[in-house]
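Note that chain A is present in both complexes that follow, paired respectively with chain B and with chain C.
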Partner chain A sequence: MLEVKNLRKEYGGLTAVKGVSFTLQPGDIFGFIGSNGAGKTTTIRMISTLLEPTSGTAILNGHDIKKDPMAVRRSIGYMPDFFGLYDDVKVWEYLDFFAAIYEVPPRDRPAIIDNVLELTDLTVKKDAFVQSLSRGMQQRLCLARCLVHDPALLLLDEPASGLDPRARAELKELIIELGRMGKIVIVSSHILPELADFCNTVGIIERGEMLAFGDVNQIVRDLHPTRALETKLLRDAEVAAQIVASLPGVLGATMKGENGLRIEFNGDAEAQAEVVRALVQGGHGVLDFREDQADLEDVFLKLTTGAVN
Partner chain B sequence: MKTIVESLILENPMRIEVARFRRRFLGFGGSSVNNAVLALILLCYTGIVMMVVNMRGDLPPIPIIMFQTGLFCFFGPAMLHGAIAGERERRSWDLLLVAPISKAQIVAGKFMGAMAALGIGAAAMALPTIIAAIAYGKTTLYDLVLAEAVSLTFCMLVCSWTLFMSARAKRPFMALGATFGTLALGLAVIPALLVSIVSGDRITTEMVGYLNPFVALATITSAHDTMMNAATSNFENMPFIPGALYGLPHVLIYLGFAAGLLLYAEKTLHFAENEVKFLPQNHHDA
Partner chain C sequence: MMAGSEWLRQTRRTYFGNAAAQRDFRVQLRGNRSMLLFGLYLAILITVAYFKYGEIANNATISVVQAQRELRDFYTLIVSLLAGMVAIVTPGLAATTIVMERQRRSLDLVFSAPVAPRYYLVGKIIAVYRYIWMLLILSLPVTAACVVLGGASWSDVLTVYGMLSVHGLLFAAIGLLMSTVSSKPVAAVVWTYIAVAGYLFASTGAGAAYSYRPMMAGGEVPFIVGLSPFSAIFTVGTYTPLYGYHVPNYLLASLAILVGVRLCLLGAGSILSEGRETANLRIHWMLLAAACSFGFCYWLVTEGGYSGMATNTSFGSSDPHAAVLGYGLFWVMTPLVLALPTLAAYGEDGYIRQRVNGWFDVRHTFDGTPAGAMPYIVLVILSTSVAALGGIAAAGGNLPSALFAVYVVYAMGFWGLFWAIARVASSYGIGLKAARTAVVASVVLLIALPVPFLSAVSAQSLGREESAAWDFYLLRPVLMFNHYRPEIAIGYGLGLVAVALGLNSWSEWNRKRLAVASA
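Right, the complex of A and B next:
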């Protein structure tokens, strides 16, 4: 379990992170969302023991980042947003080097290296020099490096940056798999739809403050308690608007386009079906009927102002 | 519980640096600049061996050790200037810092890598030195070993100085420039200035040049000749610092300074402080 307690970082007069707190359980995939300069990387670097917090702390499986950083380091895999690899070593040598650093017994290393290479789909590049790998492959190698010591927590800072769509999809699958393996995964990213796909928990940070934290759907529901139903009709949309406005659960109906309606709605499924039935029975010719769902991007835009420290 | 030797040398995962340095500097297949430099070195080395063989005893071995020391002054910084500053520039430094490895192991690994590569160079230079010593016949084995020890320990000092500079510098070329600059100042410019100021003062001149390895090597050679001609020497010609104080004291002093610099280099690798230190003054991005 990871407990982040009131983590704060100050650089002289600048407060980069203002008391961030959250708790994650094994298997959680946490999407850390924020604009550039919001404090995501600083928070991740503090949890990874790279930066010393000004105050507050984080505890990973009982190990405090301030009191026992070496124990924390043994339990984390950190992938920075920008990283360099040693270009004069082979892929397996690079992984063997980090396996040695993480005190993986020498007799276990070959099998572990084979496993992480297979997991990251780099088996064919085992004997290639690191410098010969493409950007996507280097990204996967960095992730493989994070996994050689079977860490409990993975800190992935913008892992998808610079990757092509296929590589992103593969990375997404890999992160989901890591979550299934019981690891806590913290992913920071700007690509919100992707995060919503595989994160079960998100945190939105701006100017060093955590604005929202929790289950993706719950956050969306909390910020958008009403839903919007959109329908496209064949005829008499204005009359239809008057009809549905009086139905239970309907908060209001407005014209959208030539024959479209946007219905603000907070009823249940039965009430929603009643709306459809009324439109059909009214002979308006229902061409389309769907729920306009708020997503993570809507939530992010609603919560944040775009201001940076 | 691991001993210091096990932790820093025998079981230090940073020993991979030995293979990296060997592959990078002693093997063809790296960058074209490395390949060209290596080819040039091999050509020069062949030339030195042929020259020593052709001179048939006219060349004493100590000047070859002096030449080797000069090479160390060049190649040590050239190999090590990016050891830590380069990791920072390449952004691979963070990956080491979040690993459960001590800063001492990082410094020791980098140092071992460079010393192993330079050690191979020193072993290669031993061939012309031995040929010259056998052919020349006048240099004692003790003087030869002492001169080699002065040269190698000075090499260790230069490497630890470079590592220290690399630990302190933001960019590798800053570390390289600072190292070459300080070596030039310490070995040539400042002694030359001081000697010119106290022109004719033999005692000051000797004291200024005492720690210079080239002076020490030259004195080891001349001390032998002085001892041989002791009967004919008068008191006025005797040096202020006796020949016996050249060689072994230098080895100890160089080793002491090298150890001190490595310890200090390790102490400068405070990651959190460095993070702040290396942020630009007007940096406002979290």
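Right, the complex of A and C next:
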């Protein structure tokens, strides 16, 4: 379990992170969202023990980042937003080096290296030089490096940046698999729709403050308690608006474009079916009827102002 | 018990099977580059040896004594070549190691693993050290010729090899320090070679200066000759008497060099750990200054120099013990000039950030932040002073009068002045590098440049004769003129403290003014 308690980082007069707190359980995939300069990387670097917090702390499986940073480091895999690869070594040598500094016993290393290469689909590149790998492969190698010591927590800072769509999809699958393996995964990213696909928890940070934290759907529901139904009619949209406005669960109906209606709605499924039925029975010619679902991007835009430290 | 076993485990892990050393060594020996370098190196050694030996062997009229001397010279030449190799190759190997890691941004990956800067730096230095030993061992066939022909014995060769390898360690440590400080590989290489050249110049010069008289008199040369790789040969078979024991000079020289290695590595570790190991470095520097002060004073009393001061007429009616110890205290602390730009300046320079957190806060004495600079300087001055008095007391000498305190105040004023200059420069937000450069420039401007000017004005050179013009020189209270004037030391001490405080107030006002303006 990871408990982040009131983590704060000040640089002279600048406060980069202002008391961030959250708790994650094994298997959680946490999407950390924020603009550039919001404090994501600083928070991740503090959890990874690379930066000393000004105050507050984080506790990973009973180990405090301030009191016992070495024990924390043994339990984390940190992948920054850059590769940091050694060009002049082979893939297996690179992994062997990191296995050695993570104190993996020499006799166990060959098998572990084979395993992580298989997991990241790099087995065929085992004897290739790192510099000969494509960007996507280098990204996967970075992830393989994070896994050589079987960490409980993975900190992935912008892991999908610069990757092509296929590599992104592969990375997403890999992260989901890691979550299934019971690891806590913290992923920071700007690509919000992707995060929504595989994160079960998100946190939105701006100017060093955590604006929202929790289950993705719950956050969306909290910020958008009402739903929006959108319909496209063949004729008489204005009349249709008056009809649906009086139906149960409908909070209001407004015109949207030519013969389009946007209905603010907080009813249940029965009430929603009743709206469709009324429109059809009214002879308005329903061409399209759908729910306009709020997503993570809407939530992010609603919560944040774009201001940075 | 647990802590002890953990320390042992970490130490074993650091020195044996260090992953950083293995990785670097693997890369060093990969490809044909190393083989070509080794071949070239051997070719140069063999060519020089061939021509030099041919010169001796072809001389038919040479006497046995002359031949022996020539063979000894032959051995000296080979050792000098090896010393040159160590001085050229080692910095080149070490200078780019950390800066390249920083450029490819792999340091974060390493330090997010359970790796302390010590482990990593030791790994780097082991890789360089191993490479240097490979080069030394490759040269063995050439030096073996010296042994076979009678120029040296095997123990001479092995001792000199050991000394050269220790010098290699020092140059590697200097390279690592410069590599850690620099942001570009070229700058790291240039500064490393400048630092090594400076060290060679100073150590060879000091060795020559201090060994000339004893060598002429047929006595033992002091151990400091071993501080230069080019005179390491003179440490073989020579000793320094120490408390009744004859300690081999190579041992003392190696010990002194290893202290230097440790300080360089601590400096690099402090930067790599973003200040978390700064306390360790600062405590080491403080203890080293105090130990030098204690040892020097103890030696002064036991060797009779301290009692001899009483007859020094330059000091007139003043207490010569207090005055000479004051001079000593000041000069022992001169290495502070190297650390001062780093200690006192603040600002930002790329990845290095030194944000201001006040101007005097004893809680920050050891953490490397600007507020701890002055408390640390004061602590070094006080600990060095107390150690000096402790050394005298321990050796049974009489403690100096209260006049000694004047020099403590003078030292605080002198270092306080440059500290305040650093803060004034930093307060303009010109960046860390520019602020540090300003400190160095102020040292040159106030200490070095006035010397030729004052010499010209007074028609008397530095330290030879008293002149009113020299009274305006910042180092006046600690220059040994014919007539000692204690009022100058008191005046300078109090005056400099006042100037330092005034400049600091100005810097604080300026900093706040600019902060308000930018807000």
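What to note about this one:
Simple rule for what comes next: the second predicted complex is superposed on the first by the 308 of 309 C-alpha atoms of A that agree within 3 Å, B and C clash if a C-alpha of one lies under 4 Å from a C-alpha of the other, contacts with A are read in each partner's own complex, and residues count from 1 in each chain.
Throughout what follows, contacts are C-beta pairs under 8 Å (C-beta built on N, C-alpha and C of every residue); 3 or more make two chains touch, one makes a residue touch a chain.
These numbers come from a predicted model, not from an experiment.
Once both complexes are superposed on chain A, the partners chain B and chain C clash.
Annotation for chain A, partner touching more residues between chain B and chain C: B.
In the superposed pair of complexes, A:Thr54 makes contact with neither chain B nor chain C. Look at A:Ile76: by the touch rule set out above, it reaches both chain B and chain C. In the superposition on chain A, A:Tyr11 contacts both chain B and chain C.
In the superposition on chain A, A:Asn36 contacts chain B only, with no contact to chain C. Judged by the touch definition given at the top, the superposed model places A:Phe97 against both chain B and chain C.
Residue contacts after overlaying the shared chain place A:Gly208 against chain B, while chain C stays out of touching range. With chain A as the common frame, the single stretch of chain C that clashes into chain B is 348-356; none of the other options in 294-302, 348-356 or 492-500 do. Note: residues 11, 14, 48-52, 70, 73-74, 76, 78, 80, 82-86, 88-89, 93, 97-98, 100-103, 145 of chain A belong to the chain B contact set and to the chain C contact set alike, using the contact criterion stated above.
The touching residues of chain A, when paired with chain C in their complex, are 11-14, 48-52, 70-71, 73-74, 76, 78, 80, 82-89, 93, 97-98, 100-103, 106, 145.
Chain B makes touch with chain A in their complex at residues 13-14, 16, 19-20, 23-24, 30, 87, 90-92, 94-101, 271-272, 275-276, 279, 283-286.
Taken in their complex, chain C has these residues touching chain A: 13, 17, 19-20, 22-23, 26-27, 30, 104-116, 119, 274, 276, 353, 355-357, 515.
Listing the residues of chain A that touch chain B in their complex gives 9, 11, 14, 16-17, 36-42, 45, 48-52, 70, 73-74, 76, 78, 80, 82-86, 88-89, 93, 96-98, 100-103, 142, 145, 208, 308-309.
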